[in-house]
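These are the structures in question, set out in turn.
Two complexes, one shared chain (chain A), two partners (chain B, chain C).
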Partner chain A sequence: MSTSKAAPAVSAHSVVEPSPRTKRIAGALVILYALITLVPLVWIFLTSIKSPPDSISYPPKILFTPSLEGYCNLFTTRTRQTPDYIAALPPPSGVCDAVTRERNMVIAGPSNFLPRFANSLIIAFGSTFLAVSLGTLAAYGFSRFKVPLADDLLFFILSTRMMPPIAVAIPIYLMYRQLGLSDTALGMMLLYTAVNVSLAVWLLKGFIDEIPREYEEAAMIDGYTRLQAFFKVVLPQATTGIAATAIFCLIFAWNEYAFASLLTSGSAQTAPPFIPTIIGEGGQDWPAVAAGTTIFLVPILVFTILLRKQLLRGITFGAVRK
Partner chain B sequence: MTASHDTFSDKMADAAIRATPEPLAARVRGLSDRAIAWLFIAPTIVLLLAINIFPLFWAIYLSFTNFRANRPNAVVQNVGLGNYSRILNDPDIWASMQTTAHFVFWTIVLQTLIGFTLAYLIDRKFRGHAFWTTLILIPMMLSPAVVGNFWRFLYEPQIGLFAYAVSFVSGIPTSDIQMLGNVHLAPWAIIIVDTWMWTPYVMLICLAGLRSIPDYIYEAAEVDRASPWRQFWSITVPMALPFIMLAVLFRGIENFKMFDMVNLLTGGGPGSTTEVASIALKRDAFEAWATGRSSAFAIVLFVAVFGLANIYVKALNKVKQR
Partner chain C sequence: MAEIRVDHLRKAFGEFVAVQDSSFTVEDGEFLALLGPSGCGKTTTLRMIAGLELPTGGAIHLGGEDVTYKRASERDIAFVFQLFALYPHMNVRRNIGFPLLSQGVPKAEIKRRVEETAKLLQIDHILDRPVSGLAGGDRQRVALGRAIVRRPKCFLMDEPLGTLDAEFRDVMVRELRELHNRIHATTVYVTHDQIEAMAMADKIAVMNHGIIEQFATPREIYNRPASMYVADFIGSPPMNFLRFTAGLPKGARIARIDGADVQMPELRADVAEGELALGVRPEHIRFSDTSPLRGAIYGAEYLGTNQIVTVETAGGLVRARLPAERSYRIGDRVGLAFVADRLSLFDCRSGRAVPSVLHEGVLARDTRHREMRDLEAHHG
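And now, the complex of A and B:
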């Protein structure tokens, strides 16, 4: 693509403004890429509302009768029964009951999905709260005071994030076994807090650096103590930055898999290691997996759209601020 | 807006002050800046020492022993540098490093090429570019584990959408498109998913780079009648280079540590064709339970990431200074 067709350079504007033709071609290519790249996500949603036979038909079905079976299977465990047994049952009490009986099965009880999803929520929100609280304090400290060895400390904080998670997981596994933190929500929360606090300190230091010191100094001249100035002047100014940082921490903790799969197995297991283990009769129950995936991804979609202006800053640890 | 913030933070500050006992409150009010700095920074440092640094030293200690986590009561012997010499002479470990290098190299090449092209096209500012950019960004925010797991379904040769689409375009029978089962295709299967997921990341950073180039430079080039091709290679690329390198640095570190997506897609297979370093480490540590040896491997990996990142950051700073 040519940068700008050398339109007669009458005004300074026309030089850097691409020609309409260039724009059209660029737009078409970007839209094509966007559409292709969204296919897998659309497919996750479509699979979640297919019946199991539809989901594995060849060629892949684009038109089909929507079914709630995937969602029903996600939330329940089922047992196979004889047709006679099912015929003798009272009429089905809900959609899932009816769908399950058509497959000659009855609902045996709830599946583990809800508790795992709840674990994800508790651990993600808990660790985000801790990481952002600690991170805000530390970021303010680094931003406003002459801390000895500040650069070294900041680099140390960042470097903890460079360690491969599996390498960290080995001693953590042993340590948690000693402390009784294995497979507990508290253990996972502390671990995610430690991983996220490095991101929080780096991002928030950038945000707080941007708040003029004069604001606090003026407040302190008016009789505020340093702590009051921090709470009443700096924190309100940093609200946007704190919110953006919180969402980044939340997304990391929500998506994390390596630690979760190695350090949790039962009561504290989060959704990411659980979803791949959803199986039906004769292999992976893809509509149920897709249903779980859809429910798991929707919050992130919402957050991504809320966050799009701060995204760049978050993913580069504040290195690129735009 | 300010009013609500004021009352909120007022309440927080008042609550904080009221919650502190009298003598302490008097002292808190009079805290010196120095004390506040340490008070604010210490919790973060303590957390990182407890959850990152202490385990790291423990791992260093273990790496000199023959400790096995599944036999906690066995006598632990000091084996000196034995674990390290075994690792550095182990052909399987070197094979996993080679697999990692192949994976890191190709994902970076593809993501940089596609990402930069996309950023360049988006920077033509066609109508609706902001909307399409947000759509393109979605894959990178999602959980690599949960979405990677779903790609297993897309890759299924008999029923998967990917095999169907490839066979539809190329005419190759779907039974030959064993993306995850074929030793030659499996490494590319993980490269494709990673590229799908992380190209938006490189694109976003490149876009920031392109937008940081001031218009007047292009205007001056236009006055000097530099061709669009010349402008691209003499202005656009060199000025966006620090950003491109930053993206490469972040992607390089992340993919060197790659675990979740590969673990779910191939688990290192078929055979060990996709056994990247983290997967090899996990097998050694959590399947073979050779804790001592795997700790040594973890330390080697950590030193490698850290060393490479340091060298790269130095190069990056040189480019920035130019």
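And now, the complex of A and C:
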């Protein structure tokens, strides 16, 4: 053991490159941190595959028989029936059918979860697209043109985030009622865009400032208009910034609860206010709530993983020597 | 290719005047270097020709067409940036072909012309590489390729060799000049490096504080500098100035410096009493025991082929370029003799050269050029 260790350990590790020991300690710390942050997520997932009695047992159960009841309850509405009625039914057509019948219930129809989930997708992605598009154009304008009172305008844009958005909930509620935007997907999209666009402008301005003007100037001399230069040369280089900004905007719009519960109740309701309202018999149906939460986490997870490359790649400024 | 004519061009950024009243003509196929220190207005002048800045006043003609306020994209020029500005998200081939794409050139034609250009620049083996991994010289060649592929009216280059290391710069200087000899493109080349300018340019415009101090061939600028600024900026070591106070009549051939008579080219104008400076290039000095102008050796730098010997005189330090064979001891008294017909006399108040036999024609040249042209235009 000592032979394998002695020679390299003493001699060469560069000043910049951390030593193997440092790397191991750092790795252990990262794993520890990841484990701690993963505990709630793991707990939610475990709850989603527990049966309702297991989910509320005390002390909590670490070992249990997995059940799909939570997912079944999430996607369906059920009615209670007599055992005789259930016994007289034809054999169950699927897992959920069987699980439900064990509880002396039959499936009455689909729940509202899917439409609410779809609302969340439309509103969150729609508002993210709007906020990032508007933010990119505004940031480019602030970065490249002499905008009168640019600093004041930028401060004004930022100032919209200086109070918690919910502070203006009542005025917005009244305004939306007057405008007929209450409980509409468009209304929610506009609202989230308005909140996010300030963040987008500020984040993206930083990224676009970093892109040397020479690229656009070169493109304009190469015969392109400024707008063409923007799309062909600036945008491809701003992808990292755009991806990062999009993730921030999406996370906000996706998770937003307060406005959603205030302004939506029916057709435009998003998943966050819906999930906690899933009621089972004799109290909250925790496995169904956990199942809803688990599914709710998936899109943002996928989105982040998809854009992770863009986030990590870093801007290749290599072609311009600084 | 086309002629570039710049007329009374002016650019102010608020209070600050970057370029004041510049006029010059780059003839068809000519290579002009705009030379000066940073902040002298040379890059601003170039950017105005390119259409990246709009002038505050004056006019720019490209091939006879007034383009003063036209967009850069409508001027049909090519620009090589100091940092090359190769599009990082495209490979070499797409970078070079990018200007053709905007003109709607068919794909096969783009491919053919990109490959032809790459061959000319000897970069055909890296066409499909990303630009981010390229070495400095190859980047430079790709930037040049992007410029010449379109066969524009003229090339504008903004210190394109500024970021290369010294050794490689020499190679590129040679390549650029060879390229120019082959394709005869009207070129404006901005640099602060006098050696680049001297080695490549047909004409040099020396700029300072937004003013063109002299516009002439490299030889003329070196041998007959129009001002003390030009004399000092060009040459390494720069021209020596022996300061003295006198008034000289037209026809004078002798300047009296520190009690010694120094021969110089015959003056063509009267000079009022005041501080004057006799300009002497280091290589026009030799040591002569009989010379009445004396000094003491102050130091010597051995350069192999020759040496630069610094002599302390009453008029200040003088640096002489002498053969390398002899070595000198610091403190030794020597006499200085000059090559009389190569000396310039400057008026220190204005900084301008006093007209003499040597300078005949230099100062008036540009204005005369313009008058001739106006005259021709009149008759035409």
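The rule we apply is simple: the second predicted complex is superposed on the first by the 263 of 322 C-alpha atoms of A that agree within 3 Å, B and C clash if a C-alpha of one lies under 4 Å from a C-alpha of the other, contacts with A are read in each partner's own complex, and residues count from 1 in each chain.
Here, a contact is a pair of C-beta atoms (placed from the backbone, for glycine too) under 8 Å apart; a residue touches a chain by one contact, two chains touch by 3 or more.
Since this is a predicted model, take the numbers as computed values, not measurements.
Asker: Is A:P212 touching anything from chain B or chain C once the two structures are fitted on A? First, second, both or neither.
Answerer: In the superposition, A:P212 touches chain C alone.
Asker: With the two complexes superposed on chain A, say which partner A:P115 touches: chain B (first), chain C (second), both, or neither.
Answerer: neither
Asker: Chain A residues in contact: does chain B have more, or chain C?
Answerer: Of chain B and chain C, more residues of chain A lie in contact with B.
Asker: Thinking of the overlay built on chain A, is A:P236 touched by chain B (first), by chain C (second), by both, or by neither?
Answerer: Both chain B and chain C are touched by A:P236.
Asker: For A:G27, decide between first (touching chain B), second (touching chain C), both and neither.
Answerer: first
Asker: Who does A:P299 touch here: chain B (first), chain C (second), both, or neither?
Answerer: neither
Asker: Please work out whether A:T225 is in contact with chain B alone, chain C alone, both, or neither, and reply first, second, both or neither.
Answerer: both
Asker: Between chain B and chain C, which residues of chain A are contacted by each of them?
Answerer: 225, 228, 236, 315-316, 319-320, 322
Asker: Would you pull the chain A residues touching chain C in the complex into a rising list?
Answerer: Within the complex, chain A touches chain C at residues 212, 214-215, 217-225, 228, 233, 236-237, 315-322.
Asker: Which residues of chain A touch chain B in the complex?
Answerer: Against chain B, chain A makes touches at 1-6, 9, 12, 15-16, 18, 22-24, 26-27, 29-31, 33-34, 37-41, 43-44, 47, 55-60, 134-135, 137-138, 140-142, 144-147, 153, 156-157, 159-160, 162-175, 177, 190-191, 193-194, 197-198, 201, 225-228, 231-232, 235-236, 239, 251, 254-258, 261-262, 271-273, 275-276, 284, 286, 289-290, 293, 296-297, 300-301, 303-305, 308, 311-312, 315-316, 319-320, 322.
Asker: Please name which positions on chain B make contact with chain A in the complex.
Answerer: Result: residues 2, 5-6, 8-10, 12-13, 16-17, 28-31, 33-34, 36-41, 43-45, 47-48, 50-56, 58-59, 62, 69, 114, 118, 120-122, 124-129, 132-147, 149-154, 158-161, 164, 174, 196, 199-201, 204-205, 208, 211, 215, 218-219, 222-223, 225, 228-229, 231-232, 236, 243, 246, 250, 253, 256-257, 259-260, 263-264, 277-278, 281-282, 285-286, 291, 294-295, 298-299, 301-302, 305-306, 309 of chain B touch chain A.
Asker: Give the list of chain C residues in touch with chain A in this complex.
Answerer: 50-52, 71-73, 75, 77-79, 81, 83-89, 98-99, 102-103, 131-134, 136, 139, 146, 150, 163
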